[in-house]
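Have a look at these structures, which come just after this line.
What follows is a pair of complexes built around subunit A, which joins subunit B in one and subunit C in the other.
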Partner chain A sequence: MFKIALRNIFRNKRRSVLTGLSIAVAVMIAVYLWSLISGIMDDLFDNMIRLNYGHVRILNTDYVKRERLLPLEANIKDYQAVARLADADRNVTLTVGRIKFGVLLEYKGKNKPVFGTGIVPENESPISHLDQKIVEGRMIEMGKEEMNLGASLARELGLKLGDTLTVVTQTAYGSITAMNLKIVGIFSYGVQSMDKTTFFIPLDRAQKLLDLENSATEIFIFIKDKNKGPEVAKEIRAKLDLAYPGKYMAKAWQEQELLYFYMVIARNVYAGLYFLVLFLASFTILNTMFMSVLERTKEIGMMKALGMKNRQVMGIVMLEALLIGTIASFIGAIWGSGIAYYLATRGLDFTATFETMGTINFPISSVYHALFSWGIVFFGFCMGILFSVAAAVPPALRAAKMEPTESLKEI
Partner chain B sequence: MKKTLFTLAIAAWLAGAVLAATGAEIIRKVDENLIYKSARMEAKMIIHIWSEVRTKTMRTYQKGRESSFSVFLSPPRDQGVKYLKLKDNMWIYLPDVDKTIKIAGHMLRQSMMGSDLSYEDALESGDLLDKYTATLVSEEVVKQRPCFVVDLTARVKEITYYRRLVWVDKELFVPVREELFAMSGKKLKVMTLGNVQKYGSRYYPLYMSMRNLLRQNTLTELIITKAEFDLSLPAEMFTQSSLTK
Partner chain C sequence: MSVVKMENAVKNYKVGKVEVPALRGLTLSIEKGEFTAIAGPSGSGKTTLLNLFGCLDKPTSGKVFIEEHDIITLNPDQLADVRNHHIGFIFQSFNLIPVLTAFENVEFPLVLLNELPAHRKTRVMEMLESVGIGDLAGRRPGEMSGGQQQRVAIARALVKHPDYVLADEPTANIDTKTGQEILDLMREMNQKHKTTFIFSTHDPKVMRFARRLIMIRDGQIESDERQ
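And then the complex of A and B:
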């Protein structure tokens, strides 16, 4: 059977090569597309966790309802005492308070709405990796009226290291307030929502500026295993309910509606694309096998007249598809992994495009990197074979159903 | 019969005209009480916000209804913050950054020093009767004082409060309560006034409370601890340069 199948493949080399090529291209596209989308989504989720949500976040229950408005009055009073509740959990590795606030930045007649974040600089490194993202100058220090500014924002406002900027905003109680802040460092995350619209100041300065003594608007929590987010959040919620009934709540990154929405979209879009590509490619194998079966009607009739069983006839056609599918999927997987590796190491740079676009409110990187994984390559290879074999089922059934007497009549 | 109906209609129209005139007259008498050529006041602003109470003290100088200069004396956080109002313009001086900021655009609707008053409230100048049609709608007793209830409906479109209901003490011609409404009819703020003192032949309330109904659980009280009227104030006090002095 194997010999017959092999002979059939080589009987019409051009057709077999074209079929194989379409499968190989489909597998290649599926592999690098999956790698690229996985890379983009992993990067987006990682940025969201590091910059927006942490693994778990403690928030004032009122703040949760109006988070988009950054309501400073819905803060966490004596946040260190609240953070200690979470610290006691064995899964928690780090808790840190933050204050996010909105500011209309004015410099030399230019106005721009931006977001300030008050942070504890020494605790930021394991969370937002700010220390690694400083491209000029140094990180801010507690107790000093200094800021780290996004590179794109600095460029847009014509600001440089050493300049002093007056930040004018409203306190948590609604009074107008201002602070002169010296730019001691410029950061670049390669994420436009950060580089274009954000600055960091020390938490104690943010507390002074916003009249939020000992308070924070959120407590970021990092845990040992991020997959246990909902479990840890539940435990912390129970403690919070006991100590501060109804006042504060803990939310895991998996429980963030926006993040969940992106996850669902990404999963569905990718699955749709992946199977569409393979489905289209499988049509070529369906067509090839039908042609092959029709061409060999007389031969199949002869074989059946000589005693070959339906199952065996079907097996030959399926084996032929399996052989083409395996070789083509292997080649496609190699090509796909090559492109995926290139995209993982070099990336696709969209910085110039993002610079010209308006502000994007979710932290997607300007350089898209693929996620190279042998698992993705192997899965693509297997799916290529599966689709090839599945597409050969209808022609194989047709071959098996042929009546020897009828088939032999065909010339 | 027709004659009777006609007479009644004329009478009703005349009654309305008389009430409208009375409404305007009441507001004019209120203004005569409250608007001085100049004034110097020291006041305590008590802001009840959520479960907190924040007290600020200030000194204010006023020239008519259109110019005022205020400086905050306490708490330390607000010490030295100055406000200057000249007709429809307002500036704030922030000593921490040694900067004067003009309050304009969206900032005007924001709360002043965290209170229930907005900058727009503070900026209100000119004669109310230029912008509103005053109608006496009823008479009620508020805090054991018989009052006129005057409805002020805006004649202009660009106005902070489209409608106001003012309860005016019938005897002293001082407002005791005021409700402020948006064009949609939504009640935005409620103000009460009290502790009316006599200065010469006029009356002035030394207590005011304002509740912004768009904020939750807040109330601002303004208690005037010292008031002097019709004194001479230097003209340079009402200039931008006085903010940085």
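And then the complex of A and C:
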């Protein structure tokens, strides 16, 4: 039986090759597309976690409601005491306070709305990797009136290392405040939302500028296993409720609506594409199998006349599809993993595209790297086989329904 | 005892809304070891009759018995089993599996019968030798002449030692001389293995060769003579 199925594939070589090719290409596209999207998504999540959310984030409950407005008055008083609560958890590796604030940056008549972030420079390395992203100068230091500026922003405003600029904003209590800050370093993340609209200053200077002595607006918490975010957040929430009832809350990155939203979109878009591609390919299988089955009406009738049963006839047709599907999916998976591997190591540069698109509000890297994983490749391979076999069901049923009397018919 | 028989068999084909009668109440019994030709003009019902004898189809009314067993009540799988165990087929256009070698084609019915490979091998080789093409075992149908292909088909029909062999116009697709050789071979097999042969033809030379000649016309028996 196996022999018949195998040799039937070679009977019409061109047709089998075309069928196989369409499956192979579909599997290839499916594999590398998934790798690429996973890579982009992972990168996006990673950036968002590191730059915007931490694994778990403690916020003032009022801050949560109006986060877009960066409401400084809804801050965390004596943030170090609050952070210590979280520090007690054995999963936690780092807690760090931050203040994010909006300013209108003015320089030589140009002004631009940007975001400043008060940070503890020595803690920044594992979080935003700021130390590695400095392309010119050095990192800011605690206690000094210094800033690190995004490269695109610096270019746009015509600022360079050593320049001093005056930051004017409102304090937490609404009064106007200003501070002169010297640019000691310029950073580039390759992420538009960072490079074009942000600067960093030392946390203590931010506290002074914004009249937020000893306070922070956010506490980022990093944990050993980021998948445990919701658990840890829950424990911290319980502690916060005990110590400061109703005042503060903790949210894991998985509980961030925006991230969740992206995750769902990515998954749906991908699943849609994935199945569309395979679905189209399975049509070619359906078609060619139908053709080859109908062509063999007399032969199948003869096999049934000799005593072959319906399910054996079905089996032969399915086996043919399985063989083509397996070989083609294997080839497709290899091609796909080749492309995915290339994209994973070399990356796909979209800098130019993003430049023309203007400022994008979420931290997506301009260079995409695919995520290469054997799991994705193997899944693609299995899906290729599955779709091939599934598409062979109708022609196989058709073959099984053929009458043995066909064998005696002469045209 | 009859090998196969039909009683009052009627077969109508539906073409659209019209019923086309192909067999009009035929009663016929084939005895063991007979070498029978079914003859008649085109459209007289020869193929239809062989379909019923071959358990490929069921009559519209009437009965078909194989070794005294009524086959009317059997389901398609059971009919397949009956064909598998009792009936050999030879077709006008040979109808070999093109992707298999002569050896594998002859082996095919034994595979369906789940015979052991070692056992199959000796039986197939024996059979190929006895139809005179032992040396062509490795060839595919496309690499053989019509006569050689028909020999493979005969070997395939006989290899499982069926109770009877049905052949629909077995010589129609080959030249007269080769056709005669094929008939001689069938006759030889009939005598050597006591295999019952039932074949259809409209060639007078072939009719003369038969031991029993049944003439049908318009789905009815016109004459039935033993020579």
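Brief remarks on what is shown
In this section, the second predicted complex is superposed on the first by the 406 of 411 C-alpha atoms of A that agree within 3 Å, B and C clash if a C-alpha of one lies under 4 Å from a C-alpha of the other, contacts with A are read in each partner's own complex, and residues count from 1 in each chain.
The criterion applied here is as follows: a residue touches a chain if its C-beta (ideal position, glycine included) is under 8 Å from a C-beta of that chain, and two chains touch if they have at least 3 such contacts.
Remember, predicted model here, so these are calculated numbers, not experimental data.
Superposition note: with subunit A as the common reference, subunit B and subunit C can be accommodated side by side.
Comparing subunit B with subunit C, more residues of subunit A are touched by C.
Contacts of A:M179 after superposition on the shared chain: subunit B is touched, whereas subunit C is not. Using the contact criterion defined above for the overlaid structures, shared-chain residue A:K309 touches subunit C, although it does not reach subunit B. By the touch criterion defined above, A:L294 reaches neither subunit B nor subunit C. Contact with neither subunit B nor subunit C is seen for A:L69 once the two complexes are overlaid on the shared chain. Contact with subunit B, but none with subunit C, is seen for A:V168 once the two complexes are overlaid on the shared chain.
Once chain A of one complex is fitted onto chain A of the other, the partner contacts of A:M142 are absent, as it touches neither subunit B nor subunit C.
Contacts of A:V264 after superposition on the shared chain: neither subunit B nor subunit C is touched. Once both structures are fitted on chain A, no C-alpha atom of subunit B lies closer than 81 Å to one of subunit C.
Subunit A residues in contact with subunit B (one complex) as well as with subunit C (other complex) do not exist. Those residues of subunit A whose C-beta lies close enough to touch subunit B in the complex are 73, 166, 168, 170-171, 173-180, 211.
Of all the residues in subunit C, the ones that touch subunit A in their complex are 47, 50-51, 54, 56-57, 76-77, 80-81, 83-85, 89, 91-93, 95, 97-100, 104, 108-109, 111-113, 156, 168-169, 172. Those residues of subunit B that touch subunit A in the shared complex are 47, 49-50, 54, 77-78, 92, 94, 96-97, 99, 101, 103, 107, 110-115. Within the complex formed with subunit C, the subunit A residues making contact are 1, 3-4, 7-8, 10-11, 298-299, 302-310, 312, 403-405, 407-410.
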